[in-house]
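Okay, so chain A shows up in both of these, paired with chain B first and chain C after.
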Partner chain A sequence: MKKLLSVLPLLAVVIGIHFLASATDTMYYLTQMTMSAYYALLIIGLCVLMGYAGQISLGHAGFFAIGGYLSAALTTHSLVSYQDNAVVSFLDSAGMLLAGHDLYGEAILVVSPWAACIVAVCTAAIIAVVIGIPVLKLKGHYLAMATLGFGIIIYRVALALEYFGEADGISEVPAFVLLPGLSVSGNFSDRVQNYYIAWGLLLIGMVLLLNLIDSRVGRALRGIHGSDEAADAMGVNTSGFKLQTFVLSAVFAAIAGVFLTHYNGGIGPSEAGVMKSVRYVAIVAVGGMAHLWGALLMGIVLNFLSLRGVFGSYDDAVFGLILILIMLFAPNGILSLNIRHRLKQLLGRGKTDKEGEV
Partner chain B sequence: MTTELFIQYLMAGITYGSIYAIVAIGFNIIYNTTGIINFAQGEFVMFGGMIAISLLQYMPMPLAIILAVLITMLIGALIEVCFIRWLKSPSVLRLIIITIGISIISREVAVHIWGESIRSLPYFVGNEISSVAVFGARVSSQVFWVIAASALMVVCLGIFFKTTSVGREMRACASNRKAATLCGINTQNMVTLSFVLSAGIGALAGCVMSPITHSQYDMGTGLAIKGFTVAILGGLGSSGGAVAAGLLLGILEAFSVSVVPLAFQDAISIAILLIILFVRPQGLFGSKEAAGLSEF
Partner chain C sequence: MALLEINKLNKRFGGLLAVNDVSFQVESGQIKAVIGPNGAGKTTLFNMISGTFPATSGTVSFQGRELNGKKPFQVAALGMARTFQNIKMFSGMTALENVMVGRHVLSSAGFMASMFRMPWTWKEEKEIRDKSMELLALLEIEEHAHTDAQSLAFGQQRAVELARALALEPSLLLLDEPAAGLNIYETAEVGRLITRIRDLGITVLLVEHDMSLVMDISDEIMVLCFGEKIAEDTPKNIQQNPEVIKIYLGEE
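The block that comes next holds the complex of A and B.
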């Protein structure tokens, strides 16, 4: 309950931004805020994996892409020509298919977004388990390279398969009707409700994770981060907790992928690219590895600036530079830099207060 | 499969394999002295090729290649001095992220200097269509340059590490850094030297392979992944293992083209990497202790 209260100020900020945007006639900012919120959902999941469990993943764009691509492909590609297939007719009778008409008036039969979403997220979770069991036995460079390799395989598969649209990706993905009158889509008229859907999802995710890291699981994860062997010796099921966290962060990534794909109305292979994974890691690092609020804040700010095109053609370079600078000068994240304290120290009047050096 | 086709695939495999081996040896040199896996290793190869192509306008090719290698060595030294040298006992995670950052910055610098176009050096002898007959198969002459340059580098490095005093100091630093410091070896300079050496051989590989594989600003990541695969496959830190594993991966990859679509070629070598990591992280030829997994 306390956790629920702690996100209330954030809710107030979210509503405040809405009013500010409508008052200053800059409602178009809400579009980027919506997209940033979905990316931030992935980032807070990754933050728990990296900061609390201490396991780096350079493949999270892969999970995002699994969610986005599967949902897009299932809800877009028509199954009309497979109507006699046993699986398709079973799905149809189970009410998981939607009949409709495409732009040219031809009858189409696609998987309903809810069913597609569940399939996509479950697939991501299953892949996370299958990959996670062997990968999480690795440490350091080996873990980084293995997850990077996983990310590249997903990218290659998305690029190579016609089902996923090869280099063009999938476009014209239909809206995701959550409830009657509430749908995830890029329509202008739905902008405000989508803003609240995205932020609502992010807030729910935040409450879940805040509860998680404050529970027995969270303490176990911090123990694993400190020392694998010590945690093991204390009776913590280290490999089990690592795997659970890995799968949880993969599910967060997949959900973000599903929703953002429906919101954008499409997905392309660049979403699965290595650079995206690196960017997520960079944002978690900037926020301070074990700092959910920092990750959330930086996830919103940096993604928003990037989506607004503030960095221009230097977009990737900016994230690379941020990554290096943070790791060189503030490995505990930007919020850990006590600027005033540092300045005092530099000026030679450094009286060590209790916040101290990080 | 006819004999000609077989030899064609084999030669292609050996060519790519020797490039992978060189990249892997670059990983090994830095890993041995520092314990760091330098994720920016592929970027050295890219820089070597790209700088040589740019210099070619002003000077003959041998000079351009030598200068490109020297400039890349300087870049390697700068990277070490600016980003690695002054860190006090950094964690592995921090070093991984820093070298990843370096590789991104290098790539972005390259794309802003040279653009996204694909470039290549001209063939050292002859042109794209001239070829040499090997047991009935037609093989480009550049293939022999790649293989010869790779073999030469391996031999020279072997001699350097075995006989010269600097080479011995580096090996001392690799086997026990503290003891090496106590013996009066400046280990920090050895680390810088390892970056310089590794950048140099990467750049030379980038030059000789450029006519066949072409150079592009983003070629580094793919090469780094394959180089790392080979380094792991051969046992991290072992040069001989890297050569054997490089040739093995190159040949496997070349023959895989006849079975699976080209688009999946990269995925295959990465799948090999994952399987090796899961099943035998100490490599095909390494012993369990040598892998030193507990060090991380």
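The block that comes next holds the complex of A and C.
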């Protein structure tokens, strides 16, 4: 209940932005705000993995892409020519397929977005388990490199397979009708409702994660981060909890991928790119690692600026620079920045925080 | 049947036999101490009992059950808690939260139940919190409950670590040098606490360097030297054991 109340001010801000945009005739900002909300959904999931469970992942764009690409491919590639196949006809009779017509009036048969979404998210979760079991035994740099390798594989698979459209990606992805009259799509007329769908999803995700970190599981995760050995001695199944958190964050990423793909009407290989993963990690770091609100705020602000093209063609360079600056000057995140203290430290006068530790 | 039975335990690190054929028992309700010079194999012995690493050969039985191959978190779930020589606080958490982690095996809310705040978890949370506060009060540090645990004084951190281990409601508590880094007053305080813990019905096995503490509180003492058990007796007899005196004071 308390967690629900804590996101109410955010809800007010969301509504406020809508009114501000409509009053100043800048409704087009809502499009980038919608996209930012989906990226932020991935980022808060990654924040729990990195900041609370203490496990880095440089492969989260991979999970985003698994979600996005699978739902795009399933809802666009027609199964008409396989209609006699037993599996296809079974799916059809189970109501998981949608019949329709393409641009040229040809009959098509595709997987319904709901079914595709479930398949995409479950696939991401299964892959997270399969990757996570061996990889989460690693620590620090080694874990970073292993997850980076996973991200590269997903990127190359997306580029290589015709099913995923190779370098062109997949376009013409249909709308995702959540409820009658409520659909995730890039239609101009649906812009406001999509803004609220995206932010609604983000708020729900935020409440769930705030609940999680303030619970038995959250304490165990923070314990693992604080001292793996002591958490183990207190009866915490550390590898099991790390794996579950990894899967949870992969599911958040995949859901973000599914929704953003339907909203954009397509997905391209750049969404699976390594630089995207680096960007997500940078944003979590800027937000303060173990700081869900910081991750949410920075996820929105930085993605919004990037999507508005403020960083121009230096987009990736800006995120690289942010990562360097944060590591140097505010390893606990931008919200922890105490500028005077930092300046003193740079001049070699003040004591560093680390000195007092054992 | 003894609470803890160690039978012919060996640990070999390459060419070094760190623990050599050690057997002993810890009876329910006693305070037992393991002493010995540096490098005698005390901490290695502890780590094998708590499951941190496996023994090369030999068995550890706890409450009549063999622990071989069990991981520390599984051993903890059976009711064996431990503290560490160099205190391992959970950084970034308050003293209370540290102790609350100790209730882990006695509670059950998982990821889904926690995220959706299932009504049954409310009661569990409250119980975890109340019980942890009780323990902080027992160790007389309840006024620091909401302080970041790592910013507490060394002695207070020891108390928090002890409370965290007690939160597990263990039948056996392993203490790895509980007086390390403490002054004589704090050491006496820890000794008083350990006796109190024993009086609560919790069996204590400790490794300690501080002779005065060990002699004061232990019911039985085992002496290790170069991985071998050389004596096991009451404090009084250990003090007069010629072999022990030779180890601690050197030969003439």
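Note that in this section the second predicted complex is superposed on the first by the 338 of 358 C-alpha atoms of A that agree within 3 Å, B and C clash if a C-alpha of one lies under 4 Å from a C-alpha of the other, contacts with A are read in each partner's own complex, and residues count from 1 in each chain.
Keep this in mind: contacts are C-beta pairs under 8 Å (C-beta built on N, C-alpha and C of every residue); 3 or more make two chains touch, one makes a residue touch a chain.
The shown structure was predicted, so the numbers you read here are calculated from the model rather than taken from an experiment.
Identify the partner contact of A:A144: answer first if only chain B is touched, second if only chain C is, both if each is, neither if none is.
Touch partner of A:A144: chain B, not chain C.
Using the touch definition from the top, say if A:P331 reaches chain B (first), chain C (second), both or neither.
first
By the touch definition at the top of the document, which applies to A:L10: first (chain B), second (chain C), both, or neither?
After superposing on A, A:L10 lies clear of both chain B and chain C.
One more residue to check, A:M27. First (chain B), second (chain C), both or neither?
In the superposition, A:M27 contacts neither chain B nor chain C.
Chain A residues in contact: does chain B have more, or chain C?
If we count touched residues of chain A for both partners, the winner is B.
Going by the contact rule set out at the top, does A:L159 touch chain B (first), chain C (second), both, or neither?
In the superposition, A:L159 contacts chain B only.
Once the structures are superposed on A, label A:L307 by its partner contacts, choosing first (chain B), second (chain C), both or neither.
In the superposition, A:L307 touches no partner, neither chain B nor chain C.
By the touch definition at the top of the document, which applies to A:L323: first (chain B), second (chain C), both, or neither?
First partner only.
Pick one for A:A231: touches chain B only (first), chain C only (second), both, or neither.
second
Does any part of chain A touch chain B in one structure and chain C in the other, and if so which residues?
Overlap of chain B and chain C footprints on chain A: empty.
Any idea which chain A residues touch chain B in the complex?
54, 56, 58, 134-135, 137-142, 144-146, 148-150, 152-153, 156-157, 159-160, 274-275, 278, 281-282, 285, 313-314, 316-317, 319-321, 323-324, 327-328, 331
Name, in rising order, each residue of chain B that touches chain A in their complex.
Per the stated touch rule, the residues are 37, 39, 83, 87, 90-94, 96-98, 100-105, 107-109, 112, 221, 225, 228, 232, 261, 263-264, 266-267, 270-271, 273-274, 277-278, 281, 293, 296.
State the interface residues of chain A toward chain C in the complex, per the touch definition above.
For chain A paired with chain C, touching residues are 3, 208-209, 211-212, 215-220, 222-223, 225-227, 229-238, 244, 248, 290, 357-358.
Could you pull out which chain C residues touch chain A in their complex?
Checking each residue of chain C against chain A gives 50, 52, 71-73, 76-77, 81-82, 84, 86-93, 97-98, 100-105, 107-111, 114-117, 121, 124-125, 128, 150, 164-165, 168.
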